[in-house]
Amino acid sequence: MSPEIAMPLAVAVPLVGVALILLARNRPNLREAMTMVTAFSLFAVVLSIFPAVIAGERPTIVLFEMFPGLRFALSAEPLGTTFAGIASLLWIVTSIYSIGYMRGHHEQNQTRFYAFFAVALATTMGVAFSDNMLTLFTFYEALTLCTFPLVTHAGTDEARRAGRVYLGILLGTSIGLQLLAVVATWLIAGTLDFTDGGILAGKASDGVIAVLLALYIFGIGKAALMPFHRWLPAAMVAPTPVSALLHAVAVVKAGVFTVLKVTVYIFGIDLLATTGASTWLAYMAAATILIASLVAMTKDNLKARLAYSTISQLSYIVLGAMMATGAGVVGGAMHIAMHAFGKITLFFCAGAILVASHKTEISQMQGLGRRMPFTFAAFFLGALSIIGLPPMGGSWSKFELVLAAADTGHLVFVAVLMISSLLNIAYLIPVAIRGFLPAPAEAGGNPGGNHEPDGGGISEAPAFCVVPLCFTALGCIVLFFYADWLYAFLRPITGAITGAITGG
Amino acid sequence: MILLHLPALQVVVPLMAAPACVLLRHGRIAWALALVVTWTAFAVALALLLQVIDSGPISYAMGGWAPPWGIEYRVDTLAAFILVIVTSIGALVVPFARASVEREVASDRIYLFYTMYLLCLSGLLGITITGDAFNLFVFLEISSLSSYVLISLGRDRRALTAAFRYLILGTIGATFYIIGVGMIYMVTGTLNIADLASKLPAMADSRTVHMALAFLTVGISLKLALFPLHLWLPNAYAFAPTAVTVFLAATATKVAVYVMIRIVYTVFGGPAIFEQMPIDEMLMGLGMLSMIGASLVAIFQDNVKRLLAYSSLSQIGYMVLGLSLANVSGLAGGIVHIFNHAMMKAALFMAVGCIFYRVGSVHIDALAGLGRRMPLTMAGFVIGGLSLIGAPLTVGFVSKWYLIQGALERGLWPVALVILASGLLALIYVWRIVEVAYFRPSPDGATEIREAPLSMLIPLGVLCVACIYFGIDATATMDLATAAAVELIGSHP
Amino acid sequence: MDVPGLYNYWIVVVLMMIGFYVVIAQGNLVKKIFGLNIFQVGVFVFYISMAKVKGGTAPILDGGIEVYSNPLPHVLILTAIVVGIATMALGLALVVRIRDAYGTIEEDEIETQEGELP
Amino acid sequence: MKRKAVLRVTAKMLIPMIMLFALYVQFHGDFGPGGGFQAGVIFASAFILYALLFGVANARRVAPPGFVRASLSFGVLLYAGVGVAGLFLGGNYLDYSVLADDPVHGQHLGIMLIEFGVGTTVASAMITIFLIFAGQDPEIGGGER
Amino acid sequence: MAVTGLAMVRLRNLFAVVMLSGIFSLSAATLYVVLDAVDVAFTEAAVGAGIATVLGIATLAVVRTEMEKVQKRSVVGPLLIVLVTGVALIYGTLDMPHYGDPAAPIHHHVAPRYIEDSGREVGIPNIVTSVLASYRGYDTLGETAVIFTAAVGVMVLLGRGRRRRRQDQREKRREAAE
């Protein structure tokens, strides 16, 4: 299958899946089977694109012309392909997990859930393979809209309120700021195609560039840069698989992915480096890293803590992009992958704990680790990866970012990254440790006694939940060893720099 | 032979069908006649559009008297485009109306309803196609009088006062219009629009001409319900029978916008007159006020029809803003928004009509749980709503894109921000409804509510598909709108 | 009626404005309709007076007459009168219906009644 | 009722006169002031006079609503139909010159026909409107709706 | 005329208002004759003084209201609007050709053809009729349609007679109650 066909297919496969899911809506087993089939085929399709990209090709396909002069087109380049690969791989895992979670938790409206989940994946693929800013914007908006029903899944007042915040901030920033930036870019540059080295160089004054960049960076609300981060904690009312795949991987990564795309292909690293327009945004990102980490420490609700952790981690990537160096961008891009595996593991664990014990607050989890050893072990591994300790994948991306910060001479950023890692330890590790501490007296007293009336009902979550989270935890470790490969794969996106230097 | 006379047939066919309806005196037969006639009109409009694209503007001399002595029919790109919009909506509303009107209008009035409907349609077509300033007034009155009657057919007694208020304000607007026409006639001696356009620039600094423009603008602003002259619109839309609301919301104000464009650009020469009189700035300000103010009011409405009526006001603001930008992108954006808004608003009001047909109420609380009970209708509503917000891949996005582009080309960043902010306000009021429909359980005892009849769903479906199709592939509509804008402004960018 | 210059138009303006005032200031629906009538008659006079040519006669061809007044405004106003009476008939019909539905033809009272509705 | 006798007799004489005048105005519009519209109004006023003096019910009998309605539509159709006839005869819409061999004759014929259409519609419209207004039940229950 | 108009503003007796409106129209008609517009005068007399008055009286009889109620509303706003409009109009007149000026543009562009050629082209002496029915015959078609619309509109609004309508309303209310 040629990659040109594979790209639209990647968008289409989940949509076909939606139809299948809807057709099988009255038979849950068949319906879930459809989801699985779709997920596997999607991953296969995405995999088929990799060889061409590794070979240095940039397969492009124009689907249609949207406005005169503006095409709706898809293309594959390393950044997007990586993103698509991660998202589609983790969808398989998440689908397995969802089956366990949704049934174990007796959720309503499961057909709607699976259907919109598949739509969300389709739009994520679209974001990943967009060839120009208009296409990307379109899929970006579609992603927001189709994840809304997932956030408000519960249908409670709280869920509706959260849904309003979610939609309000995401659409507010994208329509209010990003769209303006896109149109302005179109006017200034006369094109919106993602081009190596950017399209804005030499076409506008430094001031305009700075304003545009700010519009983009704040307009990409999905990157959750403060002060537009409120939607992410709000979205935590969604069922955990949603939080896991969408709000740790697909949606938020679509945000930072867009930031990277804009940085690399719209502005160009050189342009940002010479105008210095991005420096203050880098400081904003640094501030977000620290503040979000501090807020995370105060949260007792596990999912809320993870959400703030995500906000903080996302800003790593934004920071990487805003430092306007090759290392920063590549580090950011790698962090997309690393953080995805780490954070999804953590969310899976949170969901497993919820299904098994109906507990959401960290303070109640004392002693649970002994009853759910796999879950908590996986949590521990995931946490290590987020913190950035070897032998976890997260260590490499953080290393790259620190390197980039040191390169640019912004020692402040080095310090911020270091402090943040410490804070990560402070808010993640205690969760795992608490789980292995003896349960409090009123919860049973006898650690070995599975037959006590109080804690007796709690045991490991269903296998459908546990297997996926073990898998992703192992993934964190695997990534540590394959980071070189990822680095080599992503390196060409900064070709703009080398290209500029060598004159090519 | 018939191809040569299409401009005349465009208006005359529906006009002749109206008395025929009276003679027939039977609801269903009148409906069938209306159906045939509106679809014919649509075909005629399409043929005209193709002719215009092919061979440039068409001029047709009524009675064989050459303009400016006789009345001229003139079809340029813009007029042909508007004709297609009006007739397509007109053609789609008729199938929709059958069930809806039988529910909302007494059975022995139905044939009169279609008489009025056809008259209103021919009035609007006449306004669009005519090349004579006074003839425009005559057809304006045909469409206005028939729409007063159509509105008063609503079941709520407030429909009567709404129609009365519209009658008073509409007549004032029309009178202002003829005062303006009188003034320009006085200084030029002609009523033909093309002739006026060639004579007026020479006397652009005359005080009479300035005041004429002012009176024309105010008069038309009344008809198109530009803030603060909008008072008649919300109640009129809210209490008219749904089919009427669909039709008027999608066409009547659009035609008024068209007249505004005609007057400002064709008759007074567009950008040139703005240097004499700050009409553009005035319109821009009022347009933005409408966009924001009406959206804010819409957020607090509990009657869904009224909410959509206020939303129409704000959308009219977009169009006026587009024409006030006075550059090709902005004007093209405004023109294409006429088309786009016609489709989305028709879809939205049709969806509301379906709901009213089954539920018997348009209060927001009555929509609870409808997402499940009337999935297709609500899906249509969501698509229309997304277009209103301006989500990508819907038509709303296209027009917004060009309006923003037009504003940015002029360097008016704040205007662009206002456009965006208005879209966000639309998000709030649309989402209020979506939330109720999908995430609030339906009240007990509402189990018998079913999906609306197919005859209502199909037109709705067609409009929704159009909303998306022209959102995905906007090249055709944008090419037309741009061509029209270039014709109006001249080639300078 | 040979008032020189522009005074003629100014009288017309006064007429129009009286009518206009009645329309927008009066609360009685019947009076509004008749105010509209005055307003429109004002406009008619405006058109007709611009058609007048000094020393001209009615535009009916007759041998020996050289100067005719301009017939075009006359035609326009004929049409406009018809439109006016049509509007008026419709307006009055609406008034009758409103009287049935509300029991009053005063705008204030109607507004109070409507204010009580949801 | 008897007191109206004088009026009625006078009216009986007047009404035909008025109608005759209407016809005169209708067809003399070419030469003097007047035309279809004025004729229609005058004709209608004759009828209104009749209705005022002899009662609306009687007037209804003279001009049944169905008939009035039909002629109302007929007028418009006649007018528009003349235009269509022009089309078929090779002219533009409403081009009367083609209606006869000689253009001026054609104009004459066309104008006569359309004026007749106008007259018919106007007269029936006025009669309709008047009859409907007069036909409203004058019993209004104490200002209640 | 202005006096009549002003009187209409002040009077509360609606019957008198309708009558005054008739007188107003009649004096307008006289004015038209003076201004050479005999056709228009004829029409205005028949319509404004005749039909409109009859309709007005009929309406008043039906709605059974003779006196207008005293208003509480402020007159400042409307007065201001009217004044602004009036001043705008006066301002607009400043550059107008003088009254009766044979050199005014309207007498020189389109109209001369009607006066000079209509006798030959249309063949009837009354120029107004030839313009009305032939040159601008399409306007007149529109005008006929307007009258038609009004008649049908009145039929729609009032055609069922009051008693029938009230019955309908009662039924509607009963429906609503159920």
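Note that the chains are named A, B, C, D and E in the order they appear, and that numbering of residues resets to 1 at the start of each chain.
Everything below uses one rule, namely that a residue touches a chain if its C-beta (ideal position, glycine included) is under 8 Å from a C-beta of that chain, and two chains touch if they have at least 3 such contacts.
A quick note: this is a predicted structure, and the numbers were derived from the prediction, not measured.
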Point to revise | Number of hops, chain A to chain B, where each hop joins two touching chains | key: 1
Exercise for review: Remove chain B from consideration and name each group of chains that's still held together by touch.
Suggested key: A | C, D, E
Study note, to complete from the structure: Contact tally winner between B-E and C-D is B-E
Point to revise | Identity of the most central chain, Cα criterion | key: B
Exercise for review: Tell me which chain's centre, taken as the mean of its C-alpha atoms, is farthest from chain A.
Suggested key: D
Point to revise | Centre distance in Å when chain C and chain E are each reduced to the mean of their C-alpha atoms | key: 4
Check your understanding: Using mean CA coordinates as chain centres, what's the chain A-chain D distance in Å?
Key -> 79
Review point. How big is the gap, in whole Å, between where the Cα atoms of chain A centre and where those of chain E centre?
Key: 70
Point to revise | For chain E, residues that touch 2 or more chains besides their own | key: 38-39, 43, 47, 51, 55, 58-59, 62-64, 89, 93-94, 96-97, 104, 106-107, 110-111, 114, 125-126, 128, 132, 134, 136-143, 145-155, 157-159, 162
Review point. For chain D, what residues touch not just one other chain but two or more?
Key: 31-33, 37, 69, 72-73, 76, 80, 83, 93-94, 96, 122, 129, 132-133, 136, 143, 145
Point to revise | chain A residues counted as touching two or more neighbouring chains | key: none
**Study point:** Which pairs of chains touch, using the document's own definition
**Key:** A-B, B-C, B-D, B-E, C-D, C-E, D-E
Revision key, fill the gap. Touching chain E in the complex, chain C uses residues 1-11, 13-22, 24-28, 30-31, 34-35, 37-38, 41, 44-45, 48-62, 67-79, 81-90, 92-97, 99-100, 104-106, 108-109
Revision key, fill the gap. In their shared complex, chain D is touched by residues of chain E numbered 38-39, 41-43, 46-47, 50-51, 54-55, 58-59, 61-64, 120-126, 128-130, 132-134, 137-138, 140-141, 143-145, 147-148, 150-152, 154-155, 158-159, 161-163, 169
Point to revise | Residue ranges of chain C in contact with chain B within the complex | key: 16, 20, 23-24, 29, 32, 36, 39-40, 43, 46-47, 50, 72-73, 76, 79-80, 83, 86-87, 90-91, 94-95, 97-98, 101-102, 110, 114, 117-118
Review point. Can you name the residues of chain C that touch chain D in the complex?
Key: 58, 60, 78, 82, 89, 92-93, 96, 100-104
Review point. What residues of chain A sit close enough to touch chain B in their complex?
Key: 64-68, 72, 134, 137-138, 141-142, 145, 149, 152, 155, 159-160, 163-164, 167-168, 171-172, 175-177, 179-180, 183-184, 186-187
